[in-house]
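Shared between the two complexes below is subunit A, which pairs with subunit B and subunit C, respectively.
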Partner chain A sequence: MSERQLLVGPFNRVEGDLEIRLDVRDGRVTAAYANSPLFRGFEMMMLGKDPRDALTVTPRICGICSISQSKAAALALGQVSGASMPPQGALAAAILHGVENLCDHLSHFGLFFMPDFARPVYAGRAWHDRAVARYTAQEGSAVRPLIEARARLFHIVGLLGGKWPHTLAIQPGGVTRAPDARDRIRIQTTLRAARRVLESELFGGALEAFSALSSIEALEGWAGGDVALFSEISADLSLGALGVGPQRYLSCGAYPLAEGRVTKAGVWEDGRVAPFDPAAIVEDVSHAWMLGEGAHPSQGVTVPDEDMAAPAYSWCKAPRLGGRPVEVGALARQVVDGHPLALALAAEGGVRARIAGRLLEIARLVIWLEAWAAALDPSARFMDTGPAPRDGAGVGLVEAARGTLGHWISCAGGRVGGYQIVAPTTWNFSPRDGGGVPGPVEAALIGAPVGEDERTPVAVQHVVRSFDPCMVCTVH
Partner chain B sequence: MKILWLQSAGCGGCTMSLLCAENPNVLDTLGDAGIEFLWHPSLSVETGDEVTDLLSAVERGEIALDVLCLEGSVVTGPRGTGRFHMLAGTGRPMLDWVRALAPRAGDVVAVGTCAAYGGMTAAGGNPSGAVGLQYDGRSKGAALDEGFTSRSGLPVINIAGCPTHPSWVTETLLMLAGGALGAADLDGFGRPRFYADHLVHHGCTKNEYYEYKASARTLCEIGCMMEHLGCVGTQAVGDCNIRPWNGEGSCTRGNYPCIACTAPEFEEPGHVFTETPTIAGIPVGLPSDMPKAWFMALASLSKAATPKRIDTNAHSDRIRVAPSPKGRK
Partner chain C sequence: MSQIETFYEVMRSQGITRRSFMKYCSLTAAALGLGPAFVPKIAHAMETKPRTPVIWVHGLECTCCSESFIRSAHPLAKDVVLSMISLDYDDTLMAAAGHAAEAALQDTIDKYKGNYILAVEGNPPLNEDGMYCIVGGKPFVDQLRHAAEHAKAIISWGACASYGCVQAAKPNPTRATPVHKVITDKPIIKVPGCPPIAEVMTGVITYMLTFDRMPELDRQGRPAMFYSQRIHDKCYRRPHFDAGQFVEHWDDENARKGYCLYKMGCKGPTTYNACSTVRWNEGVSFPIQSGHGCIGCSEDGFWDQGSFYNRVTDLTQFGVEANADKIGMAAAGVVGGGIALHAAVSALKSAQKKTQSSKEEV
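After this line comes the complex of A and B, so read on.
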């Protein structure tokens, strides 16, 4: 029997800095501790500010999920002031948000996740030469088309939202810029160009056909594009059984439109979906370098422990829903929405499930974006004006690329008295709670294989990156 | 030219923006000019021990470092230790790493306003003690000394912006690679003059509204945003409206105000970002170089002379009245 500890970091091809401590016995991870090593204190910065400044300040928590932060802040402020978006404003905001989420998924697959399979450690595998040709970091033949497709997709944000990241276009009352008929045509043209790249490079087939897959067998039978390459790798390396999370999936429902959210909200567990009750959230701080007690985010505070005292090991709080960890992300969203392929993947719950869930969402999202763009009405109102938020409390819940994001604000006399944020990776990369229960990635890493000579185990990298963590959002 | 790119207390948005470079894409723009990354957090394959080995070798001088790029501010808290960001896997604060690596670099580049001056991470009482590489807000002397120069003899090059335009970053790096960026090419805050000699006002599509002081009163009106909505494009450096963002965009084209994100201390303007502070109805911040009396005289004249078309459109969410050039049928 051999035992050792590993300290893995800096963990790149994730957003932000991440360190993971591993206990390893007989070539397997027996315990993992996820440390979010950067503290900035955005929640503290907001105290005393005019609530409207949240729209400028909080998107800058994160350069990859900036629109998600912006949208959550706008919804929270809207609850305080009573503002809401006219139907077309909500539609334009959904297009902005959907483009960001889609682009994040493309960056994840092409830049963050796949390059690990081009590593020399896999030389000799039947698929390795193809993985090297397509996804070698900065050089693979798939990398440039995906980067270029992403850059062109962001032209939609340039048109509707001025720039990306850090637009101020999304307001509680709608969007600042009313698109005209010509903008609508450009958006549709850009989406068609994106579809062409995705269908030829990534899927090797029609998005409609991929989004109609309904079983793992059908997924494994998909013969086109890099999806097939991923399936081949996944089967060879048993990525389906690697990195199984808590298999409890949360989504607050993505893309609020006038007729309701486009995807369903809920908590999936053991094949059943229960309603999502945001009141059941508690942020535990027992293993975070934070002072104070666990609290619901509407009552929570952020007071960093400058002594960084044990047993805490991360700046990240540990959010729990009904006392238990949940996994969030594209897979969770598709599972809660009841997509048949996602439901089949939910029972698997590992690396393949997360990646396939994201691929499924890419296909569905392009189709939705096309429909939303077609529904844009350049003659409509896109923003209503109303009083500024002054007194009261509000919550904004949205689905960022990486999962459920919430902003909780309270204000009095036009000043912020409380501001708490629970980001997707706060859920997924939380440390242990007071009961010693590990967070989702910590649990998912248990059992991951570690080679005798490995100091940064490649299987651990697959598991961690399958979550697409955003560490700058995590602690904020 | 070999670049080591590190990220500390920022949002990562300058890298995300850099990936939006076009004509050609970021990899070709840099690669074709012989620029490569020793390591980049989003682009490189190396992780964990591969990176810590590399950083140690650079620190010992065994690997030559042409350019050190830092994205994000440097946190000095708590109590001056820098432990609010311990670089993962190393047990050392990023503050230490930056001080150890900067003297090894041919040039040191601060990517974004956080790395340049502290930026948004320093807002709201600055809970993490965030500073820039060489500036703490407008004051020189921060993570690196006031007099720091890299091996090339230049101070820290501050590509300020929140985020940075992808071309500000690529063109600065291309100039460095070509030996075409000297001390005279940086402005008083260390910003490359190729973009900092312009004002965001230049090329602003709202210029006709500006000329007549036909001002938007809310964020869904298309008039000029200087008088009421906090826009400081007439005082902010940047070529945002000369070469737009993400295809055809800019903040003002998105119909929200310029907040001077290229400037030190933009994060605390002393008023709501989307409101213009006024004294007796006159905006406190006037256009750069313009005497107040001039502004008042011009403003009252031009307001009185505002054509109906401009006045109507300024207070609408889209163009309601089309121009009617003389002689047009």
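After this line comes the complex of A and C, so read on.
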């Protein structure tokens, strides 16, 4: 019987800083405490500003999902001023947002997640040589085509949004750039090139065929590309059973278009989907270095505890839905949307499920993007001008790459009176709540194996990275 | 020193051909505004000089600078510069993790003492003894001071490291502080922008690696080759400004015609950066081209200048020659000599010229 404590961090190949404290007994994690050691105080800076400044300031929370932030801010401001996007404006915003999410998924798989399998600790495994050849950090043969495909995809954001990161084009009333017919063709060409890279490198098969998979057996039988390599690795290392989360999945529904959101909204648990009620969110602060009481984000405040008093151990608040932790992300989105493969993976709920959920979303998202680009109508209106937001409250809920993101704003007299943000990784990497219930990643780490002489246990790395944490968003 | 490989060797070991290498040299020369005569010089320097090691650290930030960098214009430039950095230390992209990563940082510092460039992305928060940003159990400001101690020079990437950026917005909850206010005894190059343009980042770093010296800086410490002109000076919508043709509302008829965004709050007239010449995402576009005004993200304090959609009313505060009245006159149809002045000369040549003349003034 051996007991010890481990402090794992800083993590590399995650966005931002992260530390995790582990209690280990007999080679297994018995408790985990996730700490987000970076605090900037965006919610405090917004107070007293012109509400429209949210469109510029809040995207700078995160250089990876800045379009998600800007879209959430635009939707929240639109609720205050009564503005909404014309159908084509919503479509262009969906293309901008979809491209960013797609690119995030590609970086995660190629740059952040797979390189762990090229580590020497796995030398001797049947697949290790191939993992090294394909995914050694920055050198593997898969890495360059993925980065290049990603850079080219961002041309679309360049065309529609001027620049990336920190695009300014999305406004409450639509998008500032009305694409012309030539832009539409360039977008379609770019998407076609991306499809080719994904089908030849990542999937080794048609995106339609992959997105039609409906069971775990079918996934395991997929023989093409790096997906097959991942399946082989995950079977060998039993990644399906590693890092099982709360198995309660939330999605607010991705990509609002004129005819509704493209994916369904809801909360999945035990095979049933219940409606998502944003009013049931409470941000608990019992274990965060924050003063005040737990509150709904529309009433919440951000007052850092300068004493950093125990039992708190993170800058991250602990959002709970109906008093319970939920997992968000690509898997959650696909599960709530009812995709058969995702539903099969939901019951598994571990590292493989999260990665496969993301792969499934990559395949589906490219198909959607192609359809949206084809539906662009250069002669239509892309933005309606409305009054500036002055008085009232609003909420903007979107699905960022890593999961559900919400902005809650209240304004009076043309000034911001309250601004609260709940980011995807705030959900997934939340600390314990008042009842001592651990957050999703803390729960998922319990039972992870830790070798006798491991100081940065590789299984822990897999679990943490399977969530694709974005720590800069988490605490903002 | 001889144990450090040359830039060229690094490129070759990355599978880059001789032909691509020469192409890279000419692209670099062009990006830096140097004539064709410099191509062999750059090539020679890269073949013979040991490469300069780079340590890249991250403070209070959003990682947008790294994101900009890894989709840099020419894939070759990105590969090369990334591969050089990866040899040393970058905590977002490197392979090592946890304690191994901390050890790698120390090894790099020891191995290249006094000879490496420290690239800083983000900034240190000083409130609460720096506890708002913890790296490896210690405040980031400590890591920064430690890594800076033996650095040859420091590059402040982006608005965060250069000026503070949005996290320093009132009331600056964490006392986010730009690098030059913490490290005062080292040469610092500021490469502002939120984020900086990828080509500007690779251009600056390549210049330093190739010529083993800092590029010429303006009075604010920015590389003059990229920051000596206003967005406005080279904006493709400038003729509309001079002709008094403005967008009045989002997506109105004038917006579709590509009129000037000055009335929509564009900060192009007071912002020094290369967006309107180099552009973004491999030269595809830049914010004004997408129909949204410039927000001035490469200027000090851009985050606390009132609403981003307010019109620029006092142009004199940045030492610009025209004030609001004169702008009004220009808007009324007084076409300045500016167009003729910058029509013929290429952007980069002109940037060079401007640099020289501003040097004489100083």
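Basically, the second predicted complex is superposed on the first by the 476 of 476 C-alpha atoms of A that agree within 3 Å, B and C clash if a C-alpha of one lies under 4 Å from a C-alpha of the other, contacts with A are read in each partner's own complex, and residues count from 1 in each chain.
Keep in mind that, in the parts below, a residue touches a chain if its C-beta (ideal position, glycine included) is under 8 Å from a C-beta of that chain, and two chains touch if they have at least 3 such contacts.
Bear in mind the structure is a predicted one, so any value in this text is a computation, not a measurement.
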{"item": "Three-chain arrangement built on subunit A, subunit B and subunit C clash or fit", "value": "clash"}
{"item": "First, second, both or neither for A:418, with subunit B first and subunit C second", "value": "neither"}
{"item": "Partner chain(s) touched by A:18 [first = subunit B, second = subunit C, both, neither]", "value": "first"}
{"item": "First (subunit B), second (subunit C), both or neither touched by A:178", "value": "both"}
{"item": "Touching partner for A:256 - first (subunit B), second (subunit C), both, neither", "value": "neither"}
{"item": "Which of subunit B and subunit C A:143 touches, first, second, both or neither", "value": "first"}
{"item": "Residues of subunit A contacting subunit B in one complex and subunit C in the other", "value": "7-13, 15-17, 19, 37-41, 44-45, 48, 50, 52-53, 55-57, 60-64, 66, 111, 115, 118, 136-138, 144, 147-148, 150-151, 154-155, 157-169, 171, 173-174, 176-178, 304, 306, 308, 315, 381-385, 455-456, 461, 472"}
{"item": "Contact set on subunit A toward subunit B in their complex", "value": "7-13, 15-19, 35, 37-41, 44-50, 52-53, 55-57, 60-64, 66, 107, 111-112, 115-116, 118-119, 136-138, 143-144, 147-148, 150-152, 154-155, 157-169, 171, 173-174, 176-178, 180, 304, 306, 308, 315, 381-385, 455-456, 461, 472"}
{"item": "Residue ranges of subunit B touching subunit A (in the complex, touch as defined)", "value": "7-17, 19-22, 25-28, 31, 37, 39-52, 75, 77-79, 83-90, 120-121, 123-125, 127-128, 130, 162-163, 218-220, 240, 244-257, 259, 261, 267, 272-274, 317-318"}
{"item": "Subunit C to subunit A touching residues, read off their complex", "value": "14, 58, 60-68, 70-72, 75, 78-79, 82-83, 86, 91-102, 125, 127-128, 131-137, 165-167, 169-174, 176, 194-195, 249-252, 255-256, 275, 279-282, 284-292, 295, 297, 303, 306-309"}
{"item": "Subunit A - residues contacting subunit C, complex", "value": "7-13, 15-17, 19, 37-42, 44-45, 48, 50, 52-53, 55-57, 60-64, 66, 111, 115, 118, 136-139, 144, 147-148, 150-151, 154-155, 157-169, 171, 173-174, 176-178, 304, 306, 308, 315, 381-385, 455-456, 461, 472"}
